[in-house]
Amino acid sequence: MSVAPHSAATAVASPSSLADRFQMVRQQSEALCRPLLPEDTVVQPTIDVSPPKWHLAHTTWFWETFLLREYLPGYEVYHPDYAFLFNSYYNSLGSRVNRADRGTLSRPPLRDVYAYRTYVDEHMARLLSLADTLPPTVGELVELGLQHEQQHQELLATDIKYILSTSPLAPAYLEPTLAPAPAILAPAAWLPVPGGMHRIGFEGEGFCFDNELAPHDTYVADFELQNRLVTNAEFLEFIEAGGYRDFRYWLGEGWDLVNSQGWEAPLYWTKQAGNWQRFSHHGLQPLNLAAPVTHISFYEADAYAQWRGCRLPSEQEWEIAARHFGATPTGGTFLESNLYDPQPLPTDADPTQCHQLLGDAWEWTYSAYHPYPGYQRAAGALGEYNGKFMINQLVLRGGSCATPESHIRITYRNFFHADKRWQFTGIRLAR
Amino acid sequence: MSVAPHSAATAVASPSSLADRFQMVRQQSEALCRPLLPEDTVVQPTIDVSPPKWHLAHTTWFWETFLLREYLPGYEVYHPDYAFLFNSYYNSLGSRVNRADRGTLSRPPLRDVYAYRTYVDEHMARLLSLADTLPPTVGELVELGLQHEQQHQELLATDIKYILSTSPLAPAYLEPTLAPAPAILAPAAWLPVPGGMHRIGFEGEGFCFDNELAPHDTYVADFELQNRLVTNAEFLEFIEAGGYRDFRYWLGEGWDLVNSQGWEAPLYWTKQAGNWQRFSHHGLQPLNLAAPVTHISFYEADAYAQWRGCRLPSEQEWEIAARHFGATPTGGTFLESNLYDPQPLPTDADPTQCHQLLGDAWEWTYSAYHPYPGYQRAAGALGEYNGKFMINQLVLRGGSCATPESHIRITYRNFFHADKRWQFTGIRLAR
Amino acid sequence: MSVAPHSAATAVASPSSLADRFQMVRQQSEALCRPLLPEDTVVQPTIDVSPPKWHLAHTTWFWETFLLREYLPGYEVYHPDYAFLFNSYYNSLGSRVNRADRGTLSRPPLRDVYAYRTYVDEHMARLLSLADTLPPTVGELVELGLQHEQQHQELLATDIKYILSTSPLAPAYLEPTLAPAPAILAPAAWLPVPGGMHRIGFEGEGFCFDNELAPHDTYVADFELQNRLVTNAEFLEFIEAGGYRDFRYWLGEGWDLVNSQGWEAPLYWTKQAGNWQRFSHHGLQPLNLAAPVTHISFYEADAYAQWRGCRLPSEQEWEIAARHFGATPTGGTFLESNLYDPQPLPTDADPTQCHQLLGDAWEWTYSAYHPYPGYQRAAGALGEYNGKFMINQLVLRGGSCATPESHIRITYRNFFHADKRWQFTGIRLAR
Amino acid sequence: MSVAPHSAATAVASPSSLADRFQMVRQQSEALCRPLLPEDTVVQPTIDVSPPKWHLAHTTWFWETFLLREYLPGYEVYHPDYAFLFNSYYNSLGSRVNRADRGTLSRPPLRDVYAYRTYVDEHMARLLSLADTLPPTVGELVELGLQHEQQHQELLATDIKYILSTSPLAPAYLEPTLAPAPAILAPAAWLPVPGGMHRIGFEGEGFCFDNELAPHDTYVADFELQNRLVTNAEFLEFIEAGGYRDFRYWLGEGWDLVNSQGWEAPLYWTKQAGNWQRFSHHGLQPLNLAAPVTHISFYEADAYAQWRGCRLPSEQEWEIAARHFGATPTGGTFLESNLYDPQPLPTDADPTQCHQLLGDAWEWTYSAYHPYPGYQRAAGALGEYNGKFMINQLVLRGGSCATPESHIRITYRNFFHADKRWQFTGIRLAR
């Protein structure tokens, strides 16, 4: 993904704090990889997942390409082949390793990638120290680079989970350090949201991606939203009612997947001796029935909603509701909540309020990821960041337990194909 | 596709005229196949295309399944295996031939399919003669069956074209009987459409598909639409400007197709000795530069619009504009305009008016084919007609030169995947 | 396949009889297609099977290409596109339709293919009438063309069977005209064959393919051969003993196929209400337990032999045995035995003699189809007839019930990949 | 592969020397992996190549399964999941990781695999110390395990080369320690080999694989063999003469590969600035024109021979010639010649003698890998070692520069599919 910072980005932080944030964000990426062995950082068990070593290098290449090569006088590229190896998808920037082949490359090894990071970080420190003399675009690009690296932190968390899950050894990324989440739960309740004309999209100061622009008016009818995410216990009812075996609840392409992939439960669920377990960053763990269900495709989210006689919200409804309920990250479950075991947590908060809108799980909406009215792709390579993906994907809202807290906004539009399950994706019911 | 006739379908024609329409529609399907040889009716050169023999049988199975078996006392099914052979996609109705295998089945031969049609038509005549004694649902289902058969007439026209096109002999379906379309052309012009709150979706009397329901309010900003469809000449400018070789205009998944499929022009275009030809129902013909471009994917439509600095309309905008300009089928180019050579025609009508909204070419919108607010799937097998396809497809509006005139409406929502090119699909620019 | 007639082909029949044989062979191809409907002649349900229409045209193209264009003065090619459409695999002769796409082409229709045959036959008659004035090569090429067309007659018989078998209607090619084969059977017996030095390969007068040359000495140890082919009853014992579920009898690549293809019995066998049926040219028929088993892959033949504690013969052993036992086509089951229902027949002949060596079923040998010592590919396009296939295939010997009687010889080397089942392939045990 | 030691294996070394050899062989496997980084030991860039980590573990599992579990009293399996993870292809021993997925598993990490090796080695030492009390089968199985591990050492050498070659960084496995091979060369010469009856296959004392049994008589005609392997210079002539672009030299399935894979030279050859380089264990190196060509498929070997007007030998001819010329490993190029850079070396030895029969490069024969007359699969899991692969592969003879010297014999039958190129495979011409 990429970003074209909007023109109102005047509030970009001052250089000194930028340098601090730069260091913090870069260190967080490495912290996520610290529990891994070199072997874990190489493999790509499925095309959606990238090797952690690749994430560490690709984010570094991003700084090198968009900042250092452009703005640091006399900068010398670390290695002439790294652009080929670590460009993700920018046609503007030349040919690159096929995405499916990322897991076949043992070299450069992890230690070289860390050396690359150090080299780039040192030069970035020099660049950031020059801030007074640099054009304002640099500040915007640094902000973009930080957001970009945060996106890859979420991918690191989810890709690591997937990589470890493929082993029959069910290895733990780290041993648990916290007590298990409590089995508390607020009852489900429907909360009305008044319809009418509403303004959608990002406005004001601070950072946003180009896909959140331009802000515009939209109309929705009155609707209701559930006060919290659907839980594992509720989803289990769907499974036990035969939901995965009844085509009537499913979109056609989803039903084909259920059959061809043999889906019978969310990703990472396995039944052992009659009990459902979930694979987690701590290996196999008992299912917390009160926690939000995650790791489901859009098809499963929609089939569940159909079975309940409800539906998924549109992205407009979701954003209007989030404003209506005054959603803030405060108290939510984000990557920082437990860096080494991101997982959504149950809530027993007041059922007359709306909870878990930000954090815990990305909420599938029944809205296509298409350009907003008035959307403009940025010029140059960064025009490929978001715009070229605006087809055949669905919008997800609200961030998850693997999203950095400072990365999320009410207007944030995440997007995935309907069949993807390896992110922390969940269900918010509407009607 | 399928239909759940809305509750307001009170205006369904009287039984006697239904019997007449039934006969007319059924005969039109056979008329479309008359120029074919038995060999032409068997093959399936690509999975999207069905053998004409299959269309003739499947539409017949539809009448047998939804009308005769349910409502004609004592009806005996024509052949016990035909449900397996000619069910298209109804899970409710049991297992069936894989779609990709339709072109491997030489049996039953064409003559047996015609005998099947005769048998079913005779029994339908008997059923329709009983109309007074039948529940009102029967009238609605007959209407649905007619609409269904009309949909397959359009597919017959486009599938026949594709089938014949795959032969290096470039055979003519029929020799031309009409003079070539004149090379007339109205200049392109932008027409303003006032935004605001508008009502969308089908209301009132007559037939509609369930996906046009429920009617609802929507808001759009002011916009402009072009007065006519994009022409072959205009699209040729895009080709000659290198549009197919510049990733910047393309969505990512479209760009992958351009490269993997080697797309360089619309489907059916070939360059011979420096001149563009198009394969048509009359074999290879010179390109009429003034005629609307057709046989393009959504990706090509969108890339063209990007290259022009414009965009495609949303389906809401399209429907609001069609109402605003008072679009009617009158004078449009439909299947009946030239049953044996459907093709879009140029227009030189008053450029201050909006033309070609109905007929000529299906207009790609940048709207996902998703349920309208309040949409309800019908119960039973007919619930599979439309609802289960509401993912990963785009809405097309307005009908084409291969659509029966009585089949189209302003509220009609057609849908295809973004890569499909074998329908008469074209471009209406918006901004 | 193609042939490079050996230098000793002095005994090629006189021109007049060649003309007669030409007419007879050509008519037999058409006779085989007479019971078909045009629809049956178009489809290609699997890549190994070609549409009968294609066979009729390809054999005609062969005469046109290798005889008429080369040797008939003033000959004009029937249609400029037919070389592209009906070349099978000759790189020397330019590009061609992909083999997998033969079943997507409805044109030219069957009637045009027959017109093509008539045109070529008339010109061939003229060429053959000039025989005195033509170089001797022409006689050899005519002989080759006849052998080539006979090979396609066998393919017509087997491809037609496959095509009709894919329909759930299980249509009969023709209604039966003969009484069912009697359920007679000679007991199995082992017959010794003395080893030592033996001469292998074609020598003497008459036609042979280049792959039967050069004749050469070979040594084999003493061995035993069974007096007749393995029967359906005997193969059924293997099935009922769980042979298809026990990897120990199978070659690794065969076991993978058993599992991925779900093989549980020979091709065309189906169990209905507890009784095994076989699909035949007369539709579904009861299995004749005394008849030789056919339609099995090499893997199944080998697994059966392993299970019995025996083995398959080498092609050298087979040819030595055939000479030893004085095998002749007389009384064998060939295509002419029942043109419209080729099937292997049981034998109850003297068990101290060796039977069914020629006709009934092609016998899988455990010999790779490799060049004989001293083998030379012919120059030019005909060098592609046999030589380029000499890898990854196995030799089969003896001809089948679908082989024309005049086409077979003791030295004849047929060849197929180990997984093929649609030919009349059977088992002769050795030890 | 596996072995069923023949009944004459009376000469198996005494227990004490067995223990020494055990230790030496086990250490050699680890020595081969010492220059690797953990990352290098995980990946599987193509299905034929296994991760080094897997080789280290699989060979260990072999000892555990066939020796320790069977014969060491009280032995406890190291980890219950390792049989699933490290079984290669033994159906007798249960389900296992799909071969194509070996490169997706980061766990167990390399250090755990080494711990597994230590555990097994310690228990093997205990078992070997009990030798006097053990049945003689144990000695035979130990010998088999050693041969098995040596086979995997060759695979380690070739798989490591392939793994490193896929990186655009062209990393060196180790920096070179020896001077480059000299550019010396004996002229090519034809050496006659008298035909007649010869005995083939393993006889006498010492170890052999079951596929070398039973020894038997065979007859070949007189033939000639070249005195040395085909060189890079000679193969370059074929390339420059357009050999890769002329279908006439190729088997059909080979020609398809040339086109679909874009083959233009042996594997690992690249042309940079007009000069051919080869990727080696030391990264990119200039081509030594006098060295034997390697890393070619059977198709390339055969096409080369066709182009030269020669042919490849049969495996019988090869073995007869090797006996005739008294081939011994002495002085040959084997894995021990340069553990860290296996490569075939040029020879300038007396051209009237035959050289390079053992070592340097596996020589493709035009003989199918089929059972010898009288071959018997062993009972139990070891019956899967060799027998089930006896289809669709070709025999290679003589060992290569990556084969341990003590592993090779004149009767040794190696086997690969005709398209494989990652082994050190070369060409010996015959006529």
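In this document, chain identifiers A, B, C and D correspond to the written order of the chains, with residue numbering beginning at 1 in each.
One rule holds in what follows: a residue touches a chain if its C-beta (ideal position, glycine included) is under 8 Å from a C-beta of that chain, and two chains touch if they have at least 3 such contacts.
Just so we're clear, the structure is a prediction, and the values are computed from it rather than from any experiment.
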Labels of chains that are neighbours to chain B and to chain C: none
Chain of greatest Cα-centre distance to chain C: A
Whole-Å gap between the CA centroids of chain B and chain D: 60
Distance between chain centroids, defined by C-alpha means - chain A, chain D (Å): 47
Distance between the centres, which are taken as Cα means, of chain B and chain A, whole angstrom: 38
Sites on chain C at which at least two other chains make contact: none
Chain A residues touching chain D - in the complex, by the definition given at the top: 37-45, 53, 81, 84-85, 101, 103-111, 163-164, 166-169, 171
List of chain A residues in touch with chain B within their complex: 89, 91-92, 197, 216-221, 247-248, 250-255, 298-299, 311, 366-368, 370-371, 373, 383-384, 388-392, 418
